[in-house]
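Per-chain numbering from 1; labels A, B, C, D and E assigned in written order.
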Amino acid sequence: MIENMVWGPEQEIYLNVPLGDLKTALAAEDRFVWVNIHDEPVESSREMLMDVFNFHPLAIEDALEETHVPRIDDWGAYLYLVLRIINPNQDFDEAFTTRELDVFISNNYIVTHQEKGNLGVEKIWQLVLRNPQHLGSTPIHLLYLIMDNGADDFILSAEKIDLILNDLEDQVFKRPEPEMLELISNMKQGLMGLRQVVAPQREVFNKMARGDYLMLEQASRVYFRDIYDHFHRLYELIDNLRDLTSNTLEIYLSVVNNKMSNVMKTLTIITTLFMPITFLTGFFGMNFFQPVMGATTWTGFTVFYVILGIMILLPVGMLIFIFAGVG
Amino acid sequence: MIENMVWGPEQEIYLNVPLGDLKTALAAEDRFVWVNIHDEPVESSREMLMDVFNFHPLAIEDALEETHVPRIDDWGAYLYLVLRIINPNQDFDEAFTTRELDVFISNNYIVTHQEKGNLGVEKIWQLVLRNPQHLGSTPIHLLYLIMDNGADDFILSAEKIDLILNDLEDQVFKRPEPEMLELISNMKQGLMGLRQVVAPQREVFNKMARGDYLMLEQASRVYFRDIYDHFHRLYELIDNLRDLTSNTLEIYLSVVNNKMSNVMKTLTIITTLFMPITFLTGFFGMNFFQPVMGATTWTGFTVFYVILGIMILLPVGMLIFIFAGVG
Amino acid sequence: MIENMVWGPEQEIYLNVPLGDLKTALAAEDRFVWVNIHDEPVESSREMLMDVFNFHPLAIEDALEETHVPRIDDWGAYLYLVLRIINPNQDFDEAFTTRELDVFISNNYIVTHQEKGNLGVEKIWQLVLRNPQHLGSTPIHLLYLIMDNGADDFILSAEKIDLILNDLEDQVFKRPEPEMLELISNMKQGLMGLRQVVAPQREVFNKMARGDYLMLEQASRVYFRDIYDHFHRLYELIDNLRDLTSNTLEIYLSVVNNKMSNVMKTLTIITTLFMPITFLTGFFGMNFFQPVMGATTWTGFTVFYVILGIMILLPVGMLIFIFAGVG
Amino acid sequence: MIENMVWGPEQEIYLNVPLGDLKTALAAEDRFVWVNIHDEPVESSREMLMDVFNFHPLAIEDALEETHVPRIDDWGAYLYLVLRIINPNQDFDEAFTTRELDVFISNNYIVTHQEKGNLGVEKIWQLVLRNPQHLGSTPIHLLYLIMDNGADDFILSAEKIDLILNDLEDQVFKRPEPEMLELISNMKQGLMGLRQVVAPQREVFNKMARGDYLMLEQASRVYFRDIYDHFHRLYELIDNLRDLTSNTLEIYLSVVNNKMSNVMKTLTIITTLFMPITFLTGFFGMNFFQPVMGATTWTGFTVFYVILGIMILLPVGMLIFIFAGVG
Amino acid sequence: MIENMVWGPEQEIYLNVPLGDLKTALAAEDRFVWVNIHDEPVESSREMLMDVFNFHPLAIEDALEETHVPRIDDWGAYLYLVLRIINPNQDFDEAFTTRELDVFISNNYIVTHQEKGNLGVEKIWQLVLRNPQHLGSTPIHLLYLIMDNGADDFILSAEKIDLILNDLEDQVFKRPEPEMLELISNMKQGLMGLRQVVAPQREVFNKMARGDYLMLEQASRVYFRDIYDHFHRLYELIDNLRDLTSNTLEIYLSVVNNKMSNVMKTLTIITTLFMPITFLTGFFGMNFFQPVMGATTWTGFTVFYVILGIMILLPVGMLIFIFAGVG
């Protein structure tokens, strides 16, 4: 689907302008154009990008394929940005999945392109329709709106992951299960992937804030500095979360070994208490004390009560010794 | 609450000057102004910042919202600083919580703003009232006083945490408990958060000391260099503490396994001592030696005393062997 | 084997041109030459490189020996590149093996050299023969084609390894075996070796994209930037995979200890259940209760049923206590 | 205590010159002054530094308080250095304790200050008195002598720690004890603290060697480069030692688990040997074979010898199986 | 021992030229000198370096003492290099020991100095005597020959260590022994030491290749770039080996715990099989079933065979359950 929006200096908006008028608008100095392409076949997308906007073939190829790594290319008359956005409302399974958003931007147009879905762009499109004042003075302000919103989505996702991870850690303390290991491992991988997206994306906005591009007017730089700050905070948040997963893994091992240590202690106490007295019962169960041999002195009442006493006092004494001494 | 303080070159102080006079003072070259905003609704704060001081909307938004990451923005006529301060007297649960302090500063005014509480500022406000000499020649000296005090608060907090951690480590050596794991993990997270605040804050003062800002006179740079040194030391202290927590985690695991090893040794000794002689008692408890079969040679006195001897000497010998050989 | 290909501005191709014509073509301004050397004895290779192209002896030595580390040398009239390529279809045992590809390139010729095999070059040679348009305007475009394909091969290999590693991790969760440790260790080593190849190779293309070499025309730089991006992504992929192997090792240990903990629990439960009641049976198996001594009150029916009750209720009670209390 | 030393171009030394003459000497171009302050009350130290030398108040405050982090400040006419030195002969408990040495240096005077003790300075003071040739052409040479000696002291300390650590590691292999864990942990902390001192100290001499300070003549730079090399080597030594402690911790855990594994093997062998034959004795101890039931075929001599054979051969066979198969 | 070699533009060599002629040769523009000092007392070495060559005293001190850290000093007319070389044929105990080689080099002389032995230099000395063409145009080519050979020796050593480490890892998988821990620990320390030598040595050749020294002609730079590449590869090899040792340590722990886990499983199976049936034998060994009480129903043939059945079927059933269920 290819949508377009044309507006003038009074911020009056024309929607879905026909192709011819679009070209006229692009040529006019006081007309601004936003073309949004999503869920569109590659062929018709290429046509639009090539015939109407005349972008460099390499940039178009990058836009129509998955490029993975966010970056910014300066093509003189326009900038080409590969960005990635996230859906903060997706399930845990997808919590780390990001989608590519390609942007071509100049002082009088912005082209946004997504292969599938309209994530992050839809919201700003509607916002602008409801309140044209958000259009700002140039299309560059739209890029700020989209990515300010995009950064917020990333931070929301990271905070959701933070909550899940805190929850997981609590469970590890209470009752470590092997499934948690798998979950921790998956989270770590997901966070590593996320960081690989956020690091170059942060760099893109750093370059824009630093004024590497002549095309960007001085005034817009503070806005991109703002987005840079968001992504910087996000990057550190992700790093924190990664450290947290490593930590949780170590704690898991410690908790398991701790439990095992307690179990071993129980086993040892039980064994220590019963082995000696069981030996004693065995001793007096031998056939030496039977009628045949007649060692009756070993089987009299006195001996019996002495043995009985030992069998009660020995374990009690041991228990006292263990809990007082070994702890 | 919005308080203000106006003073002249003779360091005579006027408190809570009405709004009109405040504007006059701001316009005068030999009048200095300190406005302190805290626990104030967002609307009236915005009014003050916008109408009286005419700050940039983006800076005002940053000041009125939580920004998290300390930074410094040069707006030409004034600097906007996002700083974070800590309360060194709070409980352990809050030991890592920092609060945002926004500062607008120029050569003739300083505006301090906190959303809640008056932490770190109150003390300097009172100090200046008691002894106006601390006002220095420009409001920039007040910023130095506030953040010199702020750095001390951070270092006090870190040293408190250091004590707790040392204590914790001692306990781990003596008696490792799973709750300690949780405590260690919380400390590590807290320290990671603290570091994320201190690193950019240090950078802010580094920039000020380096002379990145034309507005700051040469003479004031040594003061900010001083604060930079404090935060640098703090940063390294925090790094040390983080390493210490990781260390404690590893030691925890080692201590637990060590204890388990000792418990296992006890278990093995007990089992090794009693299993063979219990077998012997079982052997002579079998029915072969009963009247029916009449294997009386096995149950005579001689055999009995031999067996008795074995039952005493075998465990004793084993014990000697174990403690001499295995250790 | 030494193959050559000469083409003109109309992209008409002459294959295996005799040596004399080759030299003429090299001297002509509108003729381009591709010489591909592979599986050729060192002597005849050296002859070609020295006599026809007059390369610097040090560069020739590097080309004819294994150099291991990718790099680029600027010899003024030409660039010498040591590159490494991978065969994505090889077995797991060889999954990390890379081969050296030496390239001499100038504005009107390209020389490719491999000690053994024609990996990565064959494909482009055939492609160009089928469709001469791929030759582009200068031989530099051929280098782009070869290494774009080379980068894809690397990424394919890395993704294959990723799959194997994910599989391995799943197996570790299910059933940790010592052989997996060996496999993990081998993978880690392989990935470390791969990273040592990819890092300098990425740097080679970074230099070409950055415009360090006067010989490369401005227009070609975007192509090498493209390859740089590929290798950059690859580098991060490899780093991720390395982290993943470390992770798997830690998880292995945790899973093993977890299993051991469960086994210990079973052992302790069994021992705790049977030791006390076995003691009881021993107690009533002693000879005190035999006709000789006649302690008949201990061996009456009442006592028997009480004991029987204890023997049934004690383990049951213990089991309930264990599963409710210890968990 | 405040000592001073004045010398002229002929290296004739005047000790403890009165204050008036000291000021004259400072003003003269061909007189050099060394003032050494130690174990002196803060007030009189401040008087000397302020009244005689006229140092900047901030530098004086830094000198009179503990500053912790070594650094160098360029005050134009003089340099102020915060350095730290170590006593290589102190006990292990104090092995990581460093002391602050403040130095003010210009082309014709040097002021050294220590709060407590005269560590590192005393030796050079005496050396110079014995052999005035060591004074060199300017006081800067004295700084070289003091810190060359200071670097040697650090390296001696580090080598002492290295010996202790090697010893400790040997003990861990032989007989791991929990106290060693505490020792390792303390060493790691101490080394971390030491590194925090050495890193900025190295940086101080790097700056001096690099020629950042106009005051230092070209010729003296090779000397500071020499000291820089010492501290660089020291820094790497400390890093090595830290790695070594981490290593020792891991080895500790491995050794403990190794021992535990051996203990478990013993336990399992004992249990495996005796459990089956103890069961057998129990079997033939049951009352079924008593006169009442009269199952005499079970209690004949044949059965007895068969059982006896099993009881001897079964454990022997098992032992052979265990030691041949499991190892 | 002090040897010297003088040669002219025709590469005619004069050996052991007397001191006077040596000085003449040094003064002549078309004479080149190589002085090699080894196993020589400090005094006579100093004499040579000071009187004949007039080197800076600090450089001479560095040459005559052990300096440990490779570096390069530019003394204007000559360069002073501290290098380290290794003997690839030494025993494992010494595999990480490097020796210092001091080199003074200018455009018409080279001085090599070793405290003990003639390692690495002897070979080149002989090579040059046999074939004077290797002398090249200036003594700088000799430095290239010596260190090209030196780099090869380092790589040979590293590859030997690699083999040993691979062997060790195999043994860890098969049969982990505590002695291996000690070996791993020693290797790690050795590699750490080696890296500390190689890193600055690589830097030395990087500086020479980069053209930091005016004295080195442009043409020689490609040679030092070559050596730099060797040391760079070596550095990465060492890093790999270090990672490998850490890895082996982790694997050791995993293998040990794995073995322990198997042992525990055996123990638990044995205990689980025999405890219940041993209890049963105890039950029927109690005196309740004796003539005195006459509970003959409990000791009839029916009960006996039922019990016998249980004693056989219970362990068999348990074994089936264990191997099917727990695995």
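Simple rule for what comes next: a contact is a pair of C-beta atoms (placed from the backbone, for glycine too) under 8 Å apart; a residue touches a chain by one contact, two chains touch by 3 or more.
Model, not experiment: these values are computed from the prediction.
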{"item": "Rigid-body rotation angle, subunit C and subunit A, from Cα fit (steps of 5°)", "value": "70"}
{"item": "Distance between chain centroids, defined by C-alpha means - subunit A, subunit B (Å)", "value": "25"}
{"item": "CA centroid of subunit B to CA centroid of subunit E, Å", "value": "40"}
{"item": "Multi-partner residues of subunit A (at least 2 other chains)", "value": "250, 253, 257, 260, 264, 267, 271, 275, 278, 282, 285-286, 290-291"}
{"item": "Direction subunit C, origin subunit A - full chain order round the ring", "value": "A, C, E, D, B"}
{"item": "Subunit A contact footprint on subunit C (complex, rising order)", "value": "169, 173, 222-223, 225-226, 229, 232-233, 236, 240, 243-244, 247-248, 250-251, 253-255, 257-258, 260-261, 264-265, 267-268, 271-272, 275-276, 278-279, 282-283, 285-288, 290-293, 295, 327"}
{"item": "Subunit C to subunit E touching residues, read off their complex", "value": "56, 58, 67-69, 71, 73, 175-176, 178, 181-182, 185, 188-189, 192-193, 196, 249-250, 252-253, 256-257, 259-260, 263-264, 266-267, 270-271, 273-275, 277-278, 281-282, 284-286, 289-291, 294, 296, 299-301, 303-304, 307, 311"}
